[in-house]
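In the two assemblies presented below, chain A is common to both, partnered first by chain B and then by chain C.
== the complex of A and B ==
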């Protein structure tokens, strides 16, 4: 890299060349602002200072796009946002102002109340590790899981992780692509990612029990790897505060040259020059040692604050903890993996499994005793002085000497243009398939519908002994669960309290290609319905938003983002479900060997959690008993836009069913009451593949058939049988009601769209008709065989 | 010293079938395959100590066999050896390093973990292509192929 001794006099072009050579991913505006700062200070910068600025101002750390100003245009209509994130996501939470939200948007994860005792909070966080997984899937996924677990360890004074979640998006495995020289094929990426999540989660002893898989050409070169973690924290350990004079103590892994520039890497498109230097291999056992130390030291009150070393390493973690007090850091004290490392590299290295603690001097000895007992390495890097200045040295060399106010408040931002994408909508009636049964079989075998057992069974979802609602359910333990239900007794140590929580997801990028606003609504709705199907109290749903998008320099991408964010606001308010945390990832865009661009579709993962009052009464999806009546709740709407059916048979109909929020909320509240009363034996949401897939899954998971007539099902006028069976209109659930409790059930859903459509049968056959026309009759073993594909 | 651990033939069916399936996905027809785990242990140990590490620490004696020399391939074809590059953190190697110190009371200089694949197939060139496509990521792995 060019000499920094004349940094302050470089031209914008020279600055840009320097940025490229150093891999900072700073914009021209940001480089100019850094130059202005050093001119004001009357000196040239040190390499460590520019690295610190690049890291602190990176998209990964500052979320400049989502929290920046946006000018949105929809035809002639315009709307200005000063801060898109605050005016949508945060606004929803502030407006709802739920008392059970204990910590939102201020810490490493959101926290809500948990259980009846009032002693516990549930921390929940999800994030992405997309770019690293595209380059080195195994290491990228491992460190993604490790990172989000550390977020839970670093929330408040530390929460105990009790659940890992994972949702992945890959290119289609069943298609041939011509890839660029350094790109990995989707099967290769998927195998590596799954193995990485498996090895890290299984070794650290946290169940991986919720998530999903989604395949689309748009993810060919930019896979999405969403990883989440939930943990329990005592409510009196949520507050943390760095006290001036506290020591800066790093515990866990050592610092090496691995993972340099991970934060700034997140702000760049992946190209052929990208190497794996920004990716590492995780070490779950080291993180487990740090976890065990933290839980013991937390309960003894041996530190005042904690945070994880994530993207940006010491620079980010110490900078964050010392944002008010300042920090004095002596890098020569750091424990190193490798002595061939520059001081600035020690400062920004993203070596894994490290946590930073703010420790009162008088308590260091007791903390050290626990660290030694757990065989967990540590070093004292310096102190938090209270003067608001960040001073980092290595021996006599000054590495960083900057005011915190500039680092955290100096990032320039500029208004991004956003334009609504024009999509021609075709709502013509789709033609009926020649063979309804064959169409259902094709849907069940589709990669976005078929069984995920070949992935799920690699994960330990039973460790800690609290996974009540399992990812594979039913009579044979191989049906698809809607949501994980966790009984966190391993954290509460209270075997008499059966309070639990459910975690479910909603994800609808195919809908987003047509209507990003409806995509957000559908995603929140699907996540809430999944929780409801597990028997959770959805009136206390808390949600996380994880947006992934292509380059925000494209106004159409920004237009999609604005609409989806507005959808999030509307859905959150309607469902009374506040956002408690979230993350975004941009620049998910690459080019293939033929020069074809692969921008990902706007992808919004909604992760939702809600309490389950008594885990012994959690509900699963499989049919339970012959003779029980089956109900369809919700109105079936017209439109096949975003449906799996449209992928196997191009109907030309791309209309997306608009979600009626108020009606959905009313319906779910009634069903929740019926579930609490014990009227519902099984519940399953209608999502990918539509109603026919939902019913088939309930049948073969229970090893029972059903004879169903959909003629009584509530429907929009003009709805075709194709849309009824294979459409994916939201806010619908199939319910198995307990025989003899029908009257009671009908009392709960009186005046709402819930209609009996038939009965569960002992004979293993699913037959479905709609009034006079018989649609299909299929052997459930045959349906299951189609569904049970080996993905890897 | 490289310690090679291999699943006994009567228990190896699943892992071999999985490997053959993965190669088939990459367009290579494999007639037969045997798989091994490799531990490169560098330290001032006697042959007997290496033997003890292999037999007592790294091998499940019910299902696996251990060898300090290269075992008989049991097939005609190629041997593929895959390691992480030296600059890449080897978590398994690090864990084994700690375990070796616990067993022998002396810490080795380094332990690295790798895999060996004995493959009977039609062409070495096609094998190289399939290996690059499925078994290794050349940004973090190094590998070699030799005829056996």
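== the complex of A and C ==
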């Protein structure tokens, strides 16, 4: 590191060189802004100050791209955004203005009302941990899980985590490409990530019960690891406020040299020189201790505020809590796991399992007693003075001495150009397969459709005794559930309160390659439909957006982002489902030794939650009883764009069906009423693999067959049988209706596209025809055998 | 009627303490969560309770081996625990709790309270969480499994559940006394004789790998609502039996 005594007079070139050497990932313009500020103060910066600025201004902490100005161009049409995030995602939430949203966008997680008692809020948050998992899959996944759990522990005065979710994207295990030297193979990454989630989530005692796995060669060098967590919080513990004079107390893990520059590393392209030292080392048991202490101390009112140490470590956590009061920090008080550590490294280290509390002096003793009783380490780092000044020292050495206003107000932002990608659409009628049954078998065995049991059974998905809607369900406990339904008895301690909540996901990057706007619509729709299939009250859906993209310096990447964000706005408004929190991750792009770039496709994970009024009545996907009629709800539309079928047989048809938002909302409301009345025995959404896969899964999960004729099914004019059976047009679900309740059911769906297509049969055979022509007839044991693959 | 007092023992990373607490409360006990540190500091005494439970989890991270550190911490109070068990007050160890009972030597019961068996890493080499069908040994003296049907379903969730005994005579004593109260219909981990749970000859101290507190209510079953006709499920009986026994 060059000496900083002439920082204020460095040229832009010299600043760039300094940034590369230090690993800050700041642009020359941002460093010039820092220069300007220090010139105004009439002095040169200290290393610790530049480190603090790099953390605070990082993409990771400030989301410069998404909340920055954008100029979007679509042919001749242009649109200017001052703040893309505020004008799309936030706008939806503000417009909907739901009174059951208790906290949105401001805290570590969003919070909505939970249950009938009026006592509880449900906090929900999803994060990404992509870069760490690319270089150190096991450690990256562990600390990803640990990090998002701490978001829930650090929301309000602390929520109790009751559910973990995880969604991963990897390269195809049967990839045809040769990997560059620096890259780990997808098998190695998948194994590491799954084991990391397993070892961390299981040890800390939170069920991992929802999520997904997605394979595509776009993720060969840049895997995506989305981790989510939901927790329960008493409504009177949502407000937090640092009081001047409070002590800064760090509890949980010690500080070390692991995870220096994690926040800034996440904005760098991964290349041959990337090392794993930026990845933190996880220790689940330390976090469990902090969790146990927090829940007890919270209920006794022993602290005024809490937040987690995530990206940027102390510098971000203390900086955030003290953004109004200022903070006086004595780094020599920190408990360390490594003595060879520089003061500025203590300040920005991202060592795991640390929570920062704002503790009134008079309550420290009682807090310390709980910490000691739970064997949880802690240190008092200083206090929040109330003068708005951030003063960090180590012994007599000054590390940071800046006004808070500089850090939090000073971040400069620059307009990014965005251009709509041109995609040629081909909507010619696809050819029929030679053998429908064989095509279904191939779809069931496809990595994006086949059973996930080999991964799911490695996670303790039932700890806390509240996983009522399971990831593996049905007669044999092995069918693919659409959404997790959680009965948080371990948080409420009330076995007479049957309130629960469902969590589901929507994810369609293959659709996004053709049409990013429709991708957003389809993803929100899939998430909502998954919740509906579990019997949740979808009129109260709350959603999270998690964007992952390649480099925002590419106008086409920005163009995709703008379209998807506009899609989020439209879908959120139509479904009445506000965004309550979210996250974005850019620079998911790698370069090999020859300088070839590998960008990921734009990836939007929608995580959704909705209340389940009575968990005892939650619905599962498996056929329940022979003789029950089967219905298909929704209109089947043309187009095979983004479908799994296109991966098996390239039909050349890449058209993506346009989702009719209003019709979908109306249909779901009617089905929800039918479910509440008890008319529906099973429900399963039509998603990857299409209708045939949906029906096969319902059949073999229940050990029952069905004889079906699709001729009555609502469809777009000119729809081919291939599109009907294997297309993935949205807003469709298959329902098993209780025998004898059909009339009542038809009353609920009157005038809506819901048609009877046949009956559940005792004989273990699924036979499907369309009008006069029989498409296939297959033994359900055979179909299940194709589907039940060991992925790991 | 006076409610039996149940001590639910916890420590760092005991994860199933609250649902175990809830289960005991539901069947009419008065449960209390007590950290092993509270016992060691003398703030609580085991002999003040009528029932004892070691819940599941990853006590102390399962470092060294599952349940080992917790068992070592208990060593200083070995006399109290022995008195509790010898006094035939009901003790149940679930999953990590079973591992603790085995590592302390309380199960299988033997003269010197020595560790004569272990629960070793599953044959598959990693943690597994799934539902398992279990056979109930009707001839067992186990008080917890009384009144259960011949076969029940409970979820398992463990990495170290392979029950092994080094000394053949110890194993013979288990089978001769019908101490193997629960066995797997399909062995998921490589346990000797498919053993899922064993009890003391008196039947009052019982350790098992499956989780009865996770199939306590019918709606916790993966096959639902088919299973939801009645509120309580197989796991309920384990807790109910313990409370009935004390009464």
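Quick notes
Just so it is clear, the second predicted complex is superposed on the first by the 785 of 792 C-alpha atoms of A that agree within 3 Å, B and C clash if a C-alpha of one lies under 4 Å from a C-alpha of the other, contacts with A are read in each partner's own complex, and residues count from 1 in each chain.
FYI, contacts are C-beta pairs under 8 Å (C-beta built on N, C-alpha and C of every residue); 3 or more make two chains touch, one makes a residue touch a chain.
Since we're looking at a predicted model, the values are computed, not measured.
Once the two complexes are laid over each other on the shared chain, residue contacts for A:187 go to chain B alone; chain C is not touched.
With both complexes placed on chain A, chain A has more residues touched by C than by the other of chain B and chain C. Contacts of A:19 after superposition on the shared chain: neither chain B nor chain C is touched.
Shared-chain residue A:258: touches chain B; no touch with chain C. Contacts of A:198 after superposition on the shared chain: chain C is touched, whereas chain B is not. Of the two partner chains placed by superposition, A:515 touches none, neither chain B nor chain C.
Of the two partner chains placed by superposition, only chain B is touched by A:281; chain C is not. In the superposition on chain A, A:135 makes contact with chain B only, while chain C stays out of contact range. On chain A, the surface patch touched by chain B in one complex and by chain C in the other comprises residues 283-285.
Residue ranges on chain B touching chain A, taken from their complex, read 25, 84, 88-91, 94-95, 133-134, 137, 139-140. Residues 12-13, 15-16, 18-19, 21-23, 25-26, 35, 37-38, 56-58, 60-62, 126-131, 155, 157, 159, 211, 213-214, 216, 218-220, 222-226, 228 of chain C are the ones that touch chain A when the two sit in their complex.
Looking at the complex, you find that chain A touches chain C at residues 195, 198, 202-205, 283-285, 288-289, 292, 373-375, 456-468, 470, 472-477, 487, 489-490, 493, 495, 615-618, 620, 622, 624.
Chain A meets chain B in the complex at residues 135-139, 182, 184-185, 187-188, 192, 256, 258, 275-276, 279-285, 337.
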